[in-house]
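Data first, discussion second: the structure below is written as structure tokens.
Letters A, B and C mark the chains as written, and numbering starts fresh at 1 in each.
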Amino acid sequence: MRWEIQIDTTERLQAIDITDRVNELLKGARSGAALISVKHTTCGIIVNEAEEGLMEDYVKWLSNLFPINGKYRHNQIDNNGHAHLSSAVVGNSRLIPISEGKLDLGTWQRVILLEFDGPRRRTVGVTLMQ
Amino acid sequence: MRWEIQIDTTERLQAIDITDRVNELLKGARSGAALISVKHTTCGIIVNEAEEGLMEDYVKWLSNLFPINGKYRHNQIDNNGHAHLSSAVVGNSRLIPISEGKLDLGTWQRVILLEFDGPRRRTVGVTLMQ
Amino acid sequence: MRWEIQIDTTERLQAIDITDRVNELLKGARSGAALISVKHTTCGIIVNEAEEGLMEDYVKWLSNLFPINGKYRHNQIDNNGHAHLSSAVVGNSRLIPISEGKLDLGTWQRVILLEFDGPRRRTVGVTLMQ
């Protein structure tokens, strides 16, 4: 079983809570795990808290590690080396156990799409694993 | 199949080798993979060497990237922005193949819980995947 | 089902595109996902673009975060603390959905081995998950 979610990001750097949209897809799933993944190379997936301030901290602090204006060899042909580096290190997926037809997350855990090179239309895949 | 392990961390920043406790649970498992995950947002799971010096390096170097006293918007309502950032980037889980009733790790690989905001009681989930 | 690929890295810091070698193994696989993992502690696996400049950026920028000559307690007994830190944070595996007998990657996505302490012979495991 595999589904897709479309997300239109609106800023260059942005964190978007996609938990509810993933859970809508999993209503019939009894158990196993869900692989939440993107087929893009300039955004990422994390699992953490979606508190308003933190949502800004994620992308701000990653752009401290990999500055938008840093010297990337990639930027000889493009302008988004920072986004590839952030995406590569954070990772393009998370695997999360399922329980009773939804993601088995902790009290504060949410599934968050991190956009490093928006605004763009992003597709998030949800693959059911047994 | 899903099990849980309780770990009481004793320091604010700490690395704890949990490999043996995971392997105890997997004795009956023939094959597949184990998802080692936490439902917390201020600790993480890595797979790497548990050499004594490195165990200090992991948390010290992550607190260089995300300093405890850094300026986090999250810290307007809490005091652990560094821990959320470290947890988000490192990740809350690792998926590891199983072989002959235990984790199929390399000679130097261990499963390590990284605590970024202890001391706390932490629960580590072990989910068997086929 | 589990396979292994041997890769001989040739530099201390190096990024190597292993996508084609993984896909050769998956020709018979209908669906599920592939866990691409290493049993080493000084290299890592990422999924991102293999553009020539970026392949240098990955290892260069990670060695900005964790410098080769940084002060690691691990380096009292060895000389590769930077490599363990990079490996731990990037991760030793990625899980990727399979579609029609190959990795279901995006247009720009490739599976890349990051070497942080070469040259060495590296073994990459490919585990089929349903």
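As a working rule, a residue touches a chain if its C-beta (ideal position, glycine included) is under 8 Å from a C-beta of that chain, and two chains touch if they have at least 3 such contacts.
Note that the coordinates shown come from a computational prediction; the quantities given were computed from them, not determined experimentally.
Trainee: Going by the stated contact rule, which chains contact subunit A and subunit B alike?
Mentor: C
Trainee: Subunit C and subunit B are one sequence twice: same or different residues at the contact, by the over-half rule?
Mentor: Result for this pair: different.
Trainee: In whole angstrom, how far does the Cα centroid of subunit B sit from the Cα centroid of subunit C?
Mentor: Whole-Å distance between the two chain centres: 20.
Trainee: Could you list which residues of subunit B touch at least two other chains?
Mentor: Correct list: 65, 89, 91, 95, 129-130.
Trainee: Where on subunit A is subunit C touching in the complex?
Mentor: Listed in rising order, the residues of subunit A that touch subunit C are 2, 35, 37-41, 65-66, 70, 72-78, 81, 84-85, 87-89, 91-93, 95, 125, 127, 129-130.
Trainee: Using the touch definition from the top, list the residues of subunit C that touch subunit A in their complex.
Mentor: 32-33, 46-49, 51-54, 56-58, 60-62, 65, 89-91, 94-97, 104-109, 112, 129-130
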